[in-house]
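Think of it as A, B, C, D and E in the order they're written, each chain with its own count starting at 1.
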Amino acid sequence: MIKRLIKKRVSSVGLPPGTLIHVGDKKVERVDIHVIDYDENKVDEMHFSDPDDLSDIIRNNHVSWININGLHNMDVIEKIGNKFNIHPLVLEDILNTEHRPKFEDYENYLFIILKMLSYDETNQEVITEQVSIFLTSGSVITFQEREGDVFEGIRARIFQAKGRLRKMGVDFLTYALIDAIIEQFYLILEKVELRLESIEEELIKNPTSETLQEIHRLRRDVLYLRNTAWPLREITNEFIRDDLPFVQESTKMYLRDVYDHTIQILEILDTIRDMISGMLETYLSGVGNRTNEVMKVLTIIATIFIPLTFLAGIYGMNFHYMPELDWKLGYPVVWFIMIVISLVMICFFKRRKWL
Amino acid sequence: MIKRLIKKRVSSVGLPPGTLIHVGDKKVERVDIHVIDYDENKVDEMHFSDPDDLSDIIRNNHVSWININGLHNMDVIEKIGNKFNIHPLVLEDILNTEHRPKFEDYENYLFIILKMLSYDETNQEVITEQVSIFLTSGSVITFQEREGDVFEGIRARIFQAKGRLRKMGVDFLTYALIDAIIEQFYLILEKVELRLESIEEELIKNPTSETLQEIHRLRRDVLYLRNTAWPLREITNEFIRDDLPFVQESTKMYLRDVYDHTIQILEILDTIRDMISGMLETYLSGVGNRTNEVMKVLTIIATIFIPLTFLAGIYGMNFHYMPELDWKLGYPVVWFIMIVISLVMICFFKRRKWL
Amino acid sequence: MIKRLIKKRVSSVGLPPGTLIHVGDKKVERVDIHVIDYDENKVDEMHFSDPDDLSDIIRNNHVSWININGLHNMDVIEKIGNKFNIHPLVLEDILNTEHRPKFEDYENYLFIILKMLSYDETNQEVITEQVSIFLTSGSVITFQEREGDVFEGIRARIFQAKGRLRKMGVDFLTYALIDAIIEQFYLILEKVELRLESIEEELIKNPTSETLQEIHRLRRDVLYLRNTAWPLREITNEFIRDDLPFVQESTKMYLRDVYDHTIQILEILDTIRDMISGMLETYLSGVGNRTNEVMKVLTIIATIFIPLTFLAGIYGMNFHYMPELDWKLGYPVVWFIMIVISLVMICFFKRRKWL
Amino acid sequence: MIKRLIKKRVSSVGLPPGTLIHVGDKKVERVDIHVIDYDENKVDEMHFSDPDDLSDIIRNNHVSWININGLHNMDVIEKIGNKFNIHPLVLEDILNTEHRPKFEDYENYLFIILKMLSYDETNQEVITEQVSIFLTSGSVITFQEREGDVFEGIRARIFQAKGRLRKMGVDFLTYALIDAIIEQFYLILEKVELRLESIEEELIKNPTSETLQEIHRLRRDVLYLRNTAWPLREITNEFIRDDLPFVQESTKMYLRDVYDHTIQILEILDTIRDMISGMLETYLSGVGNRTNEVMKVLTIIATIFIPLTFLAGIYGMNFHYMPELDWKLGYPVVWFIMIVISLVMICFFKRRKWL
Amino acid sequence: MIKRLIKKRVSSVGLPPGTLIHVGDKKVERVDIHVIDYDENKVDEMHFSDPDDLSDIIRNNHVSWININGLHNMDVIEKIGNKFNIHPLVLEDILNTEHRPKFEDYENYLFIILKMLSYDETNQEVITEQVSIFLTSGSVITFQEREGDVFEGIRARIFQAKGRLRKMGVDFLTYALIDAIIEQFYLILEKVELRLESIEEELIKNPTSETLQEIHRLRRDVLYLRNTAWPLREITNEFIRDDLPFVQESTKMYLRDVYDHTIQILEILDTIRDMISGMLETYLSGVGNRTNEVMKVLTIIATIFIPLTFLAGIYGMNFHYMPELDWKLGYPVVWFIMIVISLVMICFFKRRKWL
């Protein structure tokens, strides 16, 4: 994660500010501009590839959601920037797909950067895609790198006129977008929870050094999620602020709901971190205990045999005058003594709870 | 805990906000609406199953406590929502039984979510039930998932006109409800304290790996209690704020008392956490010490016998010219030397405090 | 500590607020009301057992210090409450002797709860007694559970007219009481310091598992002291606030002095905690080191003898054709070789600093 | 680092404040004053060695960037101080090249101290050079110790009139300088990341005590970077403040961008610190595990042979009446028993997962 | 440290506030009152032993620096208190030489307590002496316990009229005194740094348990320095506050410089603490590693010889029918097998990197 982030930053070192370079990889063939234009009574859907064609759709009392897939075509981005009067630095931030999430209020528009998470089942990893939301009077413009997003439910609600989305303005659409992104966290958390459970099971059944690495991997992923979720708190909080343009009082109640979710996500992540720490401790103390257990048993076996071997050694000595050697019962008596010694030692160890 | 929480959240991903879905299990057969309507002179008790029948009970200068058991019937909840003008998001929160505790001031009503704890003696676990309190002019509506609650004492006080409850308004009833919930924490803390004690005893008498797991389990439970208790601080604090509707100055003194209790609960939980950390350390260092002790004793036994065995080995050699072998006293002398060696070694170990 | 605290709380669960129950044990035979009434020129001392007799002593321009020993008689407490217009919740707090220290400003009186510490030499433990101070115009009422307190010095100063106590008002008397309680902390800290020293000595001379328990015990006690001292900071700080009734500017300078003391006490406790952590580390690393040292020496002894025993084993074999056995010098040569081997090994171990 | 810092400080102990002493080493032969004077239409470049010659270049509506390389000549620094009315304490701070980064607003000028980082490939270490920026109406003066800096890109942009630099005032030039310094951090972070990776690889393949030292070294370097980066946050934040002279609204947007970068750098450094902690734990638990593994295997070998050796010892005894010795099959039977015993033990160890 | 502090506090328990007792030891024979009286044109130096003689020196437009060495004579201190109208509590603080550093603004004077550090080369320890500074219109009074201080440089600057000291007022003198005390910290830090280096060297070359104690000692000393330096931050910060009497705007710039120094000292101390933690970890993991290394080698030696000894034991058995014993090559073949076995084992251990 960090590696990619630093690498991309380094690539733009020394360039004048506001220089538009796309620091991500090219992820779609050609830029697609998808417009959904709606009010309470009507919905229009359009696809463009040239921002110049957008001009005629921006009318009064409508909400235009302009979604741009693909950021590699500087030309398209610049034209959009000119059309909507977007500051060059904002455009630079849109193109820098490793930007940290943020919320900025530029008097005549609001600008939000968020991270959209999804889970790649084949590679078992979380995929992060940056979504920039540009909110101005009558229009919401979203910028994405790839095709596919978490907004299908919102599109369906617009077309089917479900819920209050069609009756509300750009602020409510923005809320819906943010809400969709934050809800996605719960799906990721579910995966994390599954990994947590499988590690816990392994810990009880058969902890190996593989388990340790798995714990460390999970800890790092949770840390990453936390770093991604943390700015959301601040962003939603700033969104509820009193003096923002475009944001109506009725929408703020919904934003407060989103804020509650981000708090809950952070609390869950903190609890998970705590559980991971506990698992690390359990692993380490478990490994230590098991080795100690093995060593103890082995050492006890050795300890029982050492005096016996000594005794055998005694009667293996070649002294000419060793009266025991001539006794008829010498041999069985030695066996008897040896058995007695070993029994006494075993009892002693048992009583001391060493066995 | 977390697992259930995430699962429920995931089930509502993609739905428009304000959609009423009950994310808990169905815990009672049919919704029961229990109304206690009182003023200083009179108390009425009624049971309903249809919210439409409620209309005639809301009169002036009375306090109506409407308690709803069971949240699975969307219809009932929606009717109540309409009757009392409750915002759809608030209704959604009421139905989401994994919501975190919160306090919200909606100008013409206050809305509080709390967690009611109880201890299930058979399964030895803490049961959490969400209680939503909706406080508006003349009415307090409480929403619960299950039958049975911690409010029986309050009902008794209303019917028997004990204390000042009958003489005060909705704010005092709300205070009484919160107080009852927070008092319950002390009962749970008592159970925690008992477990703490039993672990401590085990730690001294016979610590096993079972003890370690018990400590971890207790730590997790205490963490859960802390997460549940933490928002209470904020909630009671906001309740004391100056500019709330319905809340009279005289009630604030009682709320401050509740605030003191939450602070104390949090302090107790912190102290318990500290004690658990100490117990973990004691366990780990104890286990290590014990193994070390065993190993030391065993190694000492081996160390005493090894030179003796060597000596026996010497006189087991078959050299033709070994003068000692022919001596008459060879054998007893060797025994004597061996005894001296082992005594010297034991003394040496004793003096060094190794034994 | 916690156990008692929780138990007492649990006993009052379900009772209406303001119900007067004494949650402590009965510690004196009968309630004693001790009044010292003074101004710059005159001092009167009286003992009562019935609060009704108090009525005539409350005059103008006098300071009345009413000290009540014993809280088990509800009747007496209630009468006092009525006489001085004390809110039922305040009375409840006075009787709940496990309340956390607090400061509350009720417009026409101030109410302070503090913990008075003393050291029981016979049982070697800190005894905590709750002192509630009720400060109203012309009167200071102190409530204690037991006979005996740390205020004898103040009484002496009043009777002997030493210092400025006699010339000042109720605020200065309250300051003097708080100061006396906080000064007591230093005496307790001295005991803690002695225990710290004796543990340190043990750690160097002869650390046993007893020492570890002693460290844990000390840590717990210091934590308890810290929890007791922490609210004092807030209390004294609130006392200095600008807008309090009864508190004159000249007294505030003295209160600031008390505030400095509480800060110092907290700093000392933090330093002690830090030292205890260091001692724990020293103990653990010390125990580990010692065992390692023992094991190393023993293993070295074994390692030296094992090759020698092997050599003896070689010449104990019964092969018919072993030329060395027939050599005249075979036996002494083997001895010589054995001595050489062991010397070489010892040198090797010495050079590697293993011995 | 700290050593040098303390040493330099100590050298100025006891001198009156404002005494100009250069606490760094002399790093260039002679002081070079390099002036770039530009407005939207024209650029002039000049080199001076005597500040007196500067007088005629300070005109209206121009931006003069005066860069001074070399701080060892007190005379030059003092002349500049007089010409621009710089407070003696500011001059002292400029000369004290171990000053911590800071931002100060002196009504008619702003003064900023920053650390410029670069990476010395030959010695594999980060080189820090202090840059002081003095911003007054129409002029930006930068003070450096050595030749060579990270501002070449800015100079190129001025001469080639690229970007908006030529069109803006002194505040934008200052922003550009700060931005160049902060961008340099990403290059350093890239090196850190490479070291992190190589250590991680070592940890998996062949962790030695050298690896441990490498981890500690990296941790110390990251700590140093963090200490250097931390004040940048505060500095850029203060720069965005509303009421600064010379700083225009349009530049503040760019400064906010810089602020975002510093936050990101700090976040990256925190993540790296966390990863280093994880690596330390992995190393320690890995070393412990490996040793335990070795010891276990060796102990198992010993444990298998000890009973066998005992058995051999038995039949090495010299008793006259040992019937087994006379049996024809005695010898092979003993071998058979020994093989059975060892197989049973190996199976037992395998089943217990000890092997 | 703490011990002395607590002891002194305990000695004043129970006394009325404002009682003048000197809680330090008597460190000089007789109290010396040293006055330097200066303005821009003239300097006078005087020595007194009776404060009554001071009266005539306090004139207008002069700065009088009155330095008092020795605090054991209550009489002298009280007279000074009366002459300058010092509040009894301030006098008490001056005499309590274990007071924590503080800054207090009493409308018509400022009162500062600081700790002056010096390093005793013979005992290798830091010596702390309390300096109380009393700043009123036209006079600065400093109270010290012992002869000798860190102010000689300031005296020299006054007499030689170096720097701006002679031209400025009492505030600048106070600044100079504080600056001199804070500069002293750097000298102490240099000593700490030397100890740090010597420990680091020991850690690499030959870490003993002595090294561990040295680390703990250093940690405690650094903690003490930090506790002493920490309040300085607050004190200098309060000194820069806007509304203080006597403090001119021009002096505040110098105070800000002092503030920078205290921040730097605290940062250095934090870095040193971090380094000490790293050293502790290095020591502990180093000790563990070394013991493990020793044990591993020894166990390997034992493991190689155990099978060989077993083989020797086999052919030491006395069975009558052991064909190998009669073979001519039996003995050399056994030797050959033994050598092969040991070589195979050594190879195996080498390949597994156990040797």
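The criterion applied here is as follows: a residue touches a chain if its C-beta (ideal position, glycine included) is under 8 Å from a C-beta of that chain, and two chains touch if they have at least 3 such contacts.
Note that the structure is a prediction, hence the values are computed from the model and not measured.
Student: Give me the fewest steps it takes to get from chain A to chain C if each step has to go to a chain it touches.
Tutor: The distance in steps between these two chains is 2.
Student: Taking the mean of the C-alpha atoms as each chain's centre, how many Å separate chain B from chain D?
Tutor: Centre-to-centre distance between chain B and chain D: 44 Å.
Student: Please report how many Å separate the Cα centroid of chain A from that of chain D, as a whole number.
Tutor: One centre to the other, that is 27 Å.
Student: What residues in chain A touch two or more of the other chains?
Tutor: Residues 288, 295, 299, 302, 306, 309, 313, 316-318, 322 of chain A touch two or more partner chains.
Student: Going by the defined touches, start at chain D, step to chain E, and keep going round the ring. Which chains appear, in sequence?
Tutor: Following the touches around from chain D to chain E and onward: D, E, C, B, A.
Student: Can you check the complex and tell me which residues of chain C touch chain E?
Tutor: Contacts found on chain C: 153, 157, 162-165, 176, 179-180, 183-184, 186-187, 189-190, 193, 197, 253-254, 256-257, 260, 263-264, 267-268, 271-272, 274-275, 278, 281-282, 285-286, 288-289, 292, 295-296, 299-300, 302-303, 306-307, 309-310, 313-314, 316-322, 352-354.
Student: Over in the complex, which chain E residues touch chain C? Could you list them?
Tutor: Touch list, chain E to chain C: 2-3, 5-7, 9-10, 12-19, 87, 89, 92-93, 99-100, 102, 104, 206, 209, 212, 216, 219-220, 223, 227, 280, 284, 287-288, 291, 294-295, 298-299, 301-302, 305-306, 308-309, 312-313, 315-318, 322, 324-328, 330-331, 334.
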